[in-house]
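Letters A, B, C and D mark the chains in the order given here, with residues in each chain numbered from 1 onward.
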Amino acid sequence: MSENLNSTWTADEMMTIAAARTLKDGNTCFVGIGIPSTAAILAKSMQAPNLFLIYESGTVNTNPQKLPLSIGDGELANHALTVVSMPEIFNYWLQSGRIDVGFLGAAQIDKFANINTTFIGQTYDSPKVRLPGAGGATEIAASCKEVAIIIRQTTRTFVKQVDFITSMGFGEGPGSRAKNRLRGGGPSRVITDLGILEPDPETLELTMTYLHPGVDIDQAIENTGWELKVSPNLKTTKAPEQSELEKVRALVSTSDK
Amino acid sequence: MSENLNSTWTADEMMTIAAARTLKDGNTCFVGIGIPSTAAILAKSMQAPNLFLIYESGTVNTNPQKLPLSIGDGELANHALTVVSMPEIFNYWLQSGRIDVGFLGAAQIDKFANINTTFIGQTYDSPKVRLPGAGGATEIAASCKEVAIIIRQTTRTFVKQVDFITSMGFGEGPGSRAKNRLRGGGPSRVITDLGILEPDPETLELTMTYLHPGVDIDQAIENTGWELKVSPNLKTTKAPEQSELEKVRALVSTSDK
Amino acid sequence: MVSKFLELPQAIESYVKSGDLIAMEGFTHLIPFAAGHEIIRQKVKDLTAVRLTPDLIYDQMIGAGCIKKLIFSWGGNPGVGSLHRFRDAYQNGWPNKIEIEEHTHAGLTNRYVAGASGIGFAVLKGYSGSDLGEHTKNVSEVKSPFSDEVLTAVAAINPDVTILHAQQADKAGNVMMWGITGVAKEAVFAASKVIVTVEEVVEKFSPKFSSMIIPSNLIDAISVVPNGAWPSYASDFYERDNNQYIAWDEISKEREIFSKWLDDEIYSKSTAGKK
Amino acid sequence: MVSKFLELPQAIESYVKSGDLIAMEGFTHLIPFAAGHEIIRQKVKDLTAVRLTPDLIYDQMIGAGCIKKLIFSWGGNPGVGSLHRFRDAYQNGWPNKIEIEEHTHAGLTNRYVAGASGIGFAVLKGYSGSDLGEHTKNVSEVKSPFSDEVLTAVAAINPDVTILHAQQADKAGNVMMWGITGVAKEAVFAASKVIVTVEEVVEKFSPKFSSMIIPSNLIDAISVVPNGAWPSYASDFYERDNNQYIAWDEISKEREIFSKWLDDEIYSKSTAGKK
């Protein structure tokens, strides 16, 4: 993790705050565990108090008061409007296309925002590193109206070709999602510790549209395993406000870990 | 309804008691409304206190204290172990083949115990009498390990050919159920106000195996719209015991109607 | 309270249009009668109306001329007998001819399941051996890609609007129902718009057996209508008014008596459940 | 109490056989650890073990040599990292080579749904765009008989035995669980035999939010095992012992340390949850 020496916040804090800011109040958000969950819970204490959080464990409209360690944490169940079965979560809530935003992490991502959470290495049968696998991610990536991905930007994570497509972003570019009969709109942004990438409206290739304060574009290029496209209108993310930093720190401090 | 003048019970009481006696303690029974329901509830006060009653409305292991007027009566819900959704009832409980006995009524029945509850008349589009239709019956008849049918025996109900097969018994005879991919064993008995019919083990044609006390075989033959097969071992149903009569009368007197 | 709390006439006017595919569910329990009466009052027409058990509510709406097509799986007056207005419309075309599409409960239930799941069809073992398949649209077969198994397929149903009655809403616009819920959950998820009438609004739900919460973001309008399910029942609020179901047999048998009932009990009254 | 109340060793001995297809469900919550440990103790072998999230319970059973094939959809130590015993078995064949069959949560969930429904497959929109389909058995496609729609089909899964942990049983042998229930209901209906361990036996259930009752006739054996889900949690009884999940990372990393843990914590102890 890179540390921004010129600022009073960590890169992870910036990433989490930037991700939280993208969530609209009143939206439904299907949340993956880890930083996506931290960002989504943070958003509820910021601009999106009525963000409707759903986790694959079946917790519906949950308002956790501390960070869950896992997707099925008691904290999520105890503060949920209701808890439903997993068939209901996957078939009625997710597959039906009614979720606004899916919020995912990843181990690897490529320029079309295809995601790998299955293995690192050459072959499925003899992986170098075996990762947990799909969980809910494949169908979250397929079905939500849009998908946001949170991932630290390094040449290990931002790769020319993912070793395995666990969850499709834009496949090989325009047309791939339709060909694969994916219901949702696909990735709308990738939030990293260096900035934000958005798909080019025409090519769908991830394009750096924001750099976080104190990050320069060479840093982003160096940490990307493909020839990074940069927006001609490259902007700087608004620096974290003191209140945002207080909220993210308070939240992270609740973690049991 | 025929009245048995030589006895101290009505033909309907005899039919209900005879039906109730066929239910085994501990079995699961998927119950249709009307006399099947009366008989099933009666059985719980007789030899089958642990009879596990399920109604299509979703009430599971219900112990109604009075006769429900309809299949979704509050009485059934209030005295149920649990109430579940109809997808669960039809897909998980019924379709899976785990119900021991389906208990059905009918407007018409033929010699292969095919049941009509859809219409009386020549054509579906211009019926003489339109009946309620299938409800749960088609799949109850298809999926339960066995099916018992309760119906008053007259030439209007016991017909050479049903005007419409709502729920298949044995179709056109041996092989029909397999051809139609029906999971359950099909009708095991038909209990009427005159006696009991069971399918011949080889031809599967309904055969009169019991006559209720005071009924003679000519009466059964006259009230059957096809050439009635009679078992060579035709027996007489055991007359209702006083306790059985008391129970059925107490139960019927609870009806709101 | 959030803005989705509307008076019933406004809820119906906002979300029910002539020509809609409408689902009004509630299996014996929690039948949204008050909403049905308001639809009659607003003279909504040409509805394709789906419901497992048409019951009195659709018999009344058919008699009032709201419905052009009925999709159902058991069409009687439960515990009493026939639905005379349905039969008069179907057999004699009064007040208008209606088309029917008839299913089994298992089949129609799974049409809702497919609709709720956002896919075009569901698979089941159903209709087999019945003559019903020949007369019913939206039922077909699929072969298993894994074996020789052949299953029944039913097409998804996705109502333009689903209307339910429930016991309680909270102030955030979530709804809780308990007791027999039938296909309520599936009818909600399958629909584009959802209207719920409720007995009461509470500060906070308390746990109940066999209960189900419908989150507010699935609901477009909530109307507080005490007794809104009468003459059906609302568990823990009131019992089924069986006498009304019996009386309906007489009221509905003749067009004249029915028309007078319509004038006296519906057109000349405003919304709200009875009493 | 009815005769299906058995001591855990007797329940496992009676209903779990080497070579079985076994499902032990519980999504983070109510994971039947005590039952898993008893299976290890009884040296059951060659299980095909299905579970959405193998978690520590299957990592332990894999390390102990109980499992020959794992069917799963997310294989990690939740909140911590990797499952080292699973990786060692899969990548290095210790203590035995294991085969894997990998799904998505949505796909495996629907395999249970099909199994519970007594049909050979379920349909969904799933796996599309993922490389997973190429490597995973029991996933295929079906074309709609109503339109051009093509859906994913997953084959039913029907365990020989499903094992769950729940909060309560009543004396009649019904079980109640609440909080996150995941695919518990489907795993019960899909199975031939069902064993449930419970925290306690009560006279009468009281209503809970998001609760589910499993009727006694779906259950073959109930064992009263307080803390039987430890180190996972049982809502309203105890919280997840996150330190144990973290400690597992160290315990499971090396074969020697794991083997010692197996001796000390499993083989040399008798049944029952911790503490």
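Note that a residue touches a chain if its C-beta (ideal position, glycine included) is under 8 Å from a C-beta of that chain, and two chains touch if they have at least 3 such contacts.
Since the model is a prediction, treat every value here as computed from it, not as a measurement.
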Chain A and chain C share contacts with D
If you tally C-beta contacts across B-D and across B-C, the winner is B-C
Please tell me the distance, in whole Å, between the geometric centres of chain B and chain D computed from their C-alpha atoms.
40
For chain A versus chain D, what separation do you get between their C-alpha means, in angstrom?
29
Rounded to the nearest Å, the gap between Cα centres of chain A and chain B is 58
Find every residue in chain C that makes contact with two or more other chains and list them.
117-119, 124-125, 185-186, 209, 213
Indicate the residues of chain B shared as contacts by at least two other chains.
82, 91, 95, 143, 183
Name the shape of the chain contact graph, picking from line, ring, star, complete and other.
other
Pairs of chains found to touch, sorted by chain label:
A-C, A-D, B-C, B-D, C-D
Contact residues on chain B for chain C in the complex?
33, 56-59, 69-74, 76-78, 80, 82-87, 90-91, 94-95, 118, 124, 126-127, 130-139, 141-143, 164-168, 171, 176-177, 180-183, 256-257
Which part of chain C faces chain B closely enough to touch in the complex?
27-29, 52-53, 72-76, 78-79, 82, 86-87, 90-91, 102-106, 109-110, 112-113, 124-132, 135, 150, 179-186, 209-210, 233, 235, 239-240, 242, 245-246
In the complex of these two chains, what residues of chain B are touching chain D?
26, 28, 52, 60-61, 81-82, 88, 91-93, 95-98, 143, 183
Touching residues (chain side chain D, partner chain B) in the complex:
116-119, 174, 185-186, 189, 212-213, 215, 217
Under the touch definition given earlier, write down the residues of chain C that touch chain D in their complex.
117-125, 138, 140-147, 149, 151, 153, 155, 205, 207-209, 211, 213
